[in-house]
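In what comes next, chain A is part of two complexes: it sits with chain B in the first one and with chain C in the second one.
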Partner chain A sequence: MKPDNRLRQSPVQLDGRPHRTLVRDHWPVVCEYADEGDGPWLVDLSHCQRIDIQARPLAAMIPEGLPEPEAPGEVRIQDQSLITRMGKAQACLWRFGQAAAFPVGFNGTEITEATLALAILGRHTFAIAEKLSSLDLQAPGRSLPRLYQGPFAQVPCQLVVLDAAAGREMLLLSCSRGYGRDMVGAITNAGAEFNLRPAGEDRFMRMFENREKGA
Partner chain B sequence: MAFTITCPICGPRSGYEFRYGGQDKGPRPDPAEMTPETWCDYVHMTDSCPGVQKEWWYHRAGCGIWFTIYRDTTTNLEVSPDSPEAVA
Partner chain C sequence: MIRLNHLPTLRIKPGVPRSFTYGRRRLQGVEGDTVATALFANGVRVFGRSLKYHRPRGLYSLDGESSNTLVNVDGVPNVCAETTLLADGMCVASQNAFPGPDFDALGFMDALSWAMPAGFYYRMLHKPARLWPLAVPVIRKMAGVGTLAPDFQAPGRRDEIYPAADVCVIGAGVAGMSAALAAAEAGLRVVLFESRPWPGGAFEYRPGAARDGVACFQKTAELAAAVKASPHIRLFLNAPVIGVYSNGLVTAFQRGRSPHPFDERYIEVRAASVVVATGCIERPLLFEHNERPGVMQAGCAHRLARTWGILPGRTAVFSVGHDPGLEAAVDLFDLGVEIAAVADLRQDGLDPALVDALSRRRIPLLRGWSATKAHGRRRVAKVTLAGANGRFRKTLDCDLLVASAGFTPVTGPLTLAGAKLAFDERTGFFLPTCLPPRVHAAGRITGRQDWHAVAASGRLAGLCAIQDNGIDQTAAIGELADALGSLPGPVRGAKFVIAPDSGKKTFICFDEDATVKNVDQAMAKGFNVPELIKRFASVGTGPGQGGIPGHNLPLYVHQSGASPDAQPRPTTVRAPLTPTFLATYAGARLDMSKRTPIHDLQVAAGGRMERLGVWHRARRFSEDVHSREEILSVRTAVGILDASTLGKFRIFGPDAVKVLDRVYVGDMTRVPRTRAKYSAMCNEDGCLIDDGVIVRTGDNDYYLTTSTGRAGVTVEWIRYHTRFDDWDFGIVNLTDAYGVINLAGPEARAVLQRVTDADVSNEAFPFMGYREFAVGEVPLRAMRLGFVGELSFELHVPASWMAYVWNLLMDAGKDFGIRPFGLEAQNTLRLEKGHVIIGSESEQRTTLHDVGLGFLWHRDKPWARTVGDAALRQTEHQPGRLKLVGFRMADPSASPPRDGSVIVDRRIRGYVCTARYSVVLKEPVGLALVEDDSSAKGAPLAIYEDGCGGRLIQAVVTETPFYDPEGLRLRL
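Presenting the complex of A and B:
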């Protein structure tokens, strides 16, 4: 029997020239684009593993060693993973880069193939977001990182504000895969005036690791 | 008409993010004592009175939960569950 070398396909293609790519877990990954510029950047993270957890109590389902966000809206970062608490009995795990796979037998529902994941990074990130959503992503008094669930470009999304400090802005976005092309089109159009450029996973990982160290 | 609804998970949001679920009529009639008439009344008959009513809402563009609020149907403003109008 021949080995199955088919590749997964991201729901979106960013309008840039990939400079360095690799294949990880059957997903083609762009590590770096040529001419990424000074930011802001748009990064396709659809290849990153995402797992939906629904349980009561929730703590019983979170893999050992990872922290549990205590209240809806809270987010925890550890070991290149991110956990968002969406409700009383629901959370979502994100695994970035080369983070260790979640344990075999772990009872979450993998939603990686069913959803789109993007990151908007760098200066003007929230100016771009403001053009596409009425959500108050920069509400003062809320600790970061923070999860918001609501419409972005009129699509129900999960939005994670990872950092809002000047020059280190990071916004993660996830929605149903079918909205991918239109979502990227809306973000690209909104970011045109700020010179939004596609960027590879490496740029996201550098910023995420810095954020994790400071978390 | 725009108004704000307070989701217990996400906080105050635009009413356009929600789907109306109808008046909260309390628990279903007891199946042991239910007649076609009582079931029909429970499903189809609403008070439709101007003023404060307890009603169901679904946060379809957000966290996806069903919850109840008290709303004054004449002003579209939420009313605290502890207020005299809501208690009445």
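Presenting the complex of A and C:
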């Protein structure tokens, strides 16, 4: 048995030519695609760690140091972690970059394997989204980032609007892993008129970090 | 035809030609033309033939209000030429006419109209019934409006879009644009729908001056520019609204083509407020041959000239009932049309300025007169006009008869939104008596015709829409309402007039060839309200969606005195308000399905994939529909199945066991750490809905599986049945988190042992055991189960590792002849073992006891009552229930009956659930649900199979399982 040769499989393969890749925790990760263009972009983040947290009170189960979103729909970000509150007693933790170990006694459920995770970035992100969902992702008066739960391409999804500023649009999407191929197909078709292209994880991380810096 | 190229209102680009074919002719239009205007510009006057009588039909309106101009475009029948923009290379053909619309071989049908009275279908062919099947194909062939093959796929690109909006405005005329601008100024997001390819509505082409002296078209253009410049308004042009529903839901579709990336797209908007500013259409004038080519509405004639630069005729007679009709006569005269006379239904109330303008041009004006008959065979050659009492008549030569009885408001969206309409004596309109909450009407639909009044009413509706969005506008609304009061109010409409000679060929509905005489016939049969007459005489049931007859039918019925109603009552309007392709409703045709983590590996291995529910699954791996080799592989060596679609859940927390006790029939307090417990779920009626295994993975921590079909609803099921208990537990759907590999067969252990360091011997890992170990260093969950009746390991593998582990096992199993098996093999294998599949061996009425799983039921739960417990107690010994039994064929060489075949004696006694030929047992076996008095061992079963020709198949009830009744092979 040669552990180094063992590779996990993402639920989706984006139709692009990887320019730079790495292997992280046995996941092959595309850092950058050749000819990513000017946006909009589609990024596969299925390798990023996601944890479902259910507890009453919820705060009791959120790992120390992470902020607690107070009401359903709220999202908190700290460093490379993002935590969304789905309901009274349920939240979801996303970790970008390297997965982390959790403290003893933590009773969250790892759902990285259960779900597909994608990001749609850049201009026309919401023009693509409105072709696939009736959710009002740009409802005025709602602070960002914001969690939405509902159908996207007819599939129950969690959607996080990270940024809606022109040119810096960021939309995270998560749904059941099995829908991966059809979901990417639906987004790709919807984005074709806007020249949607696949992009690597670096693109997402740059925009995510810039957003945090307020750049 | 030479176009009028100098007009500022033109919407065409005369210098940009567009070539198309019409039949065998190669014609040319220009950019901006519709198919209808391009054909008209090329001299086409007869566009098609009518439904029943094959009468010639021509251009009447320009907004698709009737089926007159339905044509075949690029192979697609029933395309409305009036609303379809011309594109280069289009192939246009007439329909329902042979050899062509100018001469139609079935034109003689017009002379046989006497044989087709109202209710013809019901009355003439009702008896004898045997005539109907013979008549239908003939009628359809003669009366068809295009033909479609059953497998026809609509060409073109379809799409869908769900724009977010605070306010939705229907109609981008002056009122609609004013409403949109008002709402946008408050920062609200506005979606504005316009069915035409440009905004402006009724004022967009009219040169007449508004009250401030500026031409209507100029003022309207300024408004349109402001709309286009507003960042808060999304204007959807060429986008007719289909439906309006409660809570601000509005549906529409948009016609595209280049440069849009779609041909048509479906649009759905949910807004906090809806403004309906759909304006008016013209009410058809009723007289003999009122649909003859050359007869057209005033707006149609006027727009042909002003928008497309086409003179509608050389010599015209006008018979109208509104001021815009007079305005059209004046303007068309100035543009070069000879006007022989203008007849106006009204005796008074005419705009003096327009009367003066007619006088200055020496155009005769006949007050209180109207057209009574159009003459000419294929197109108008002359027209007879008559005074109100019919005593005085004139017949004038012309090639154009502009006919309009006045306006009728487009209230369809209001009606769909829930507004109730009542007849208004002043305007002659059906107007809403009260509007639903957050729905507003504005503009000409309210009877106002003055530009400024229309704009003000639109702005007022916009302010109301702002108020609906929670921004106080009370003061502004009050001020504007006062200002609107000082502007001209609703205009008095022309009275309903029908020419004295009308009847036999006075068409009230063009689409269905329904005449005034047909309406009379319906009333003579006792149908006295428009809703009934509409159905009996097919009035308003064609593609025009009631546009042409929608107003005249109730007015005519009321005037006849037959109606019991004190006031005219409109017929019901239903969606779609504008017809479009079913393909457009399908939008992007998203067909979202799920694939297991090793979908591609199965396809590569020859898997015949089938769609089962949301999943793609392998039915078999060879051409053999019985999967014999796959079955034998499992029975004699080792097979491998992808069972990833099973539902998988984690349930945890202090009250988790109570939850399990609530939904499972078994006692969940006794689930040991190292064993899997098989149990089932019932609904409140005690009927079986699911089964699966539960394992305890930690303190108050469980992992459970469900059937594939129930995976999507299990969380809701559990939450629902614990909603009042305030129990502390969490539940996570892990269905997609784990792939499942079923390694089954006498050699399964040997294969598994090759890839793991864990001890998987029978002693260390017995039947129904649960273990967690690694395969190829991938941690997984393993259970010893036996659904297919052999030594089996069910491996739950993290989804991202599935392909890796599957390949490891396939490599390890090569020496043992491992091969994948699919659902067909699994079905036969479990049938031989007598294991049930819920849904195959159960139906809505089947209880736990009926399928022999009563032993799973634990009656005395310490925590809470099980869902279905009371019903299980009642039905446990209830006589007359269908019981699940096994059966063999009386003749073992017979073929197995098809699934679903009924079991009969003198009545139906049950049905076959599943029956297959068993390769191992070398005979067919099956499971059936039969009445309990036929369920005893040895009872004969007579099976009726579709196509058996009356020869019943004989079978005998037998014990199950058929294979390995002692269960020894599970415990190897």
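We take it that the second predicted complex is superposed on the first by the 201 of 215 C-alpha atoms of A that agree within 3 Å, B and C clash if a C-alpha of one lies under 4 Å from a C-alpha of the other, contacts with A are read in each partner's own complex, and residues count from 1 in each chain.
Basically, a residue touches a chain if its C-beta (ideal position, glycine included) is under 8 Å from a C-beta of that chain, and two chains touch if they have at least 3 such contacts.
Computed from a prediction, not measured in an experiment: that's the story for all the values here.
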A:Met86 touches, of chain B and chain C: first, second, both or neither? first
Touching partner for A:Gln138 - first (chain B), second (chain C), both, neither: second
Partner chain(s) touched by A:Ala166 [first = chain B, second = chain C, both, neither]: neither
A:Tyr148 touches, of chain B and chain C: first, second, both or neither? first
Which of chain B and chain C A:Pro72 touches, first, second, both or neither: first
Touch count on chain A, higher of chain B and chain C: C
Footprint overlap on chain A, comparing chain B with chain C: 134
Of chain C, residues touching chain A in the complex: 159-164, 187, 189, 261, 268, 270, 588, 590-597, 614-615, 650, 652-653, 728, 730-738, 776-778, 798-804
Chain C-touching residues of chain A, taken from the complex the two chains share: 1, 3, 6-11, 27, 52, 54-56, 89-90, 107, 109-115, 130-134, 136-140, 153-155, 176-183, 186, 189-190, 192-193
Partner chain B, residues of chain A touching it in the complex: 72-73, 86-87, 134, 148-151, 156
Residue ranges of chain B in contact with chain A within the complex: 9-10, 13-14, 17, 59-65
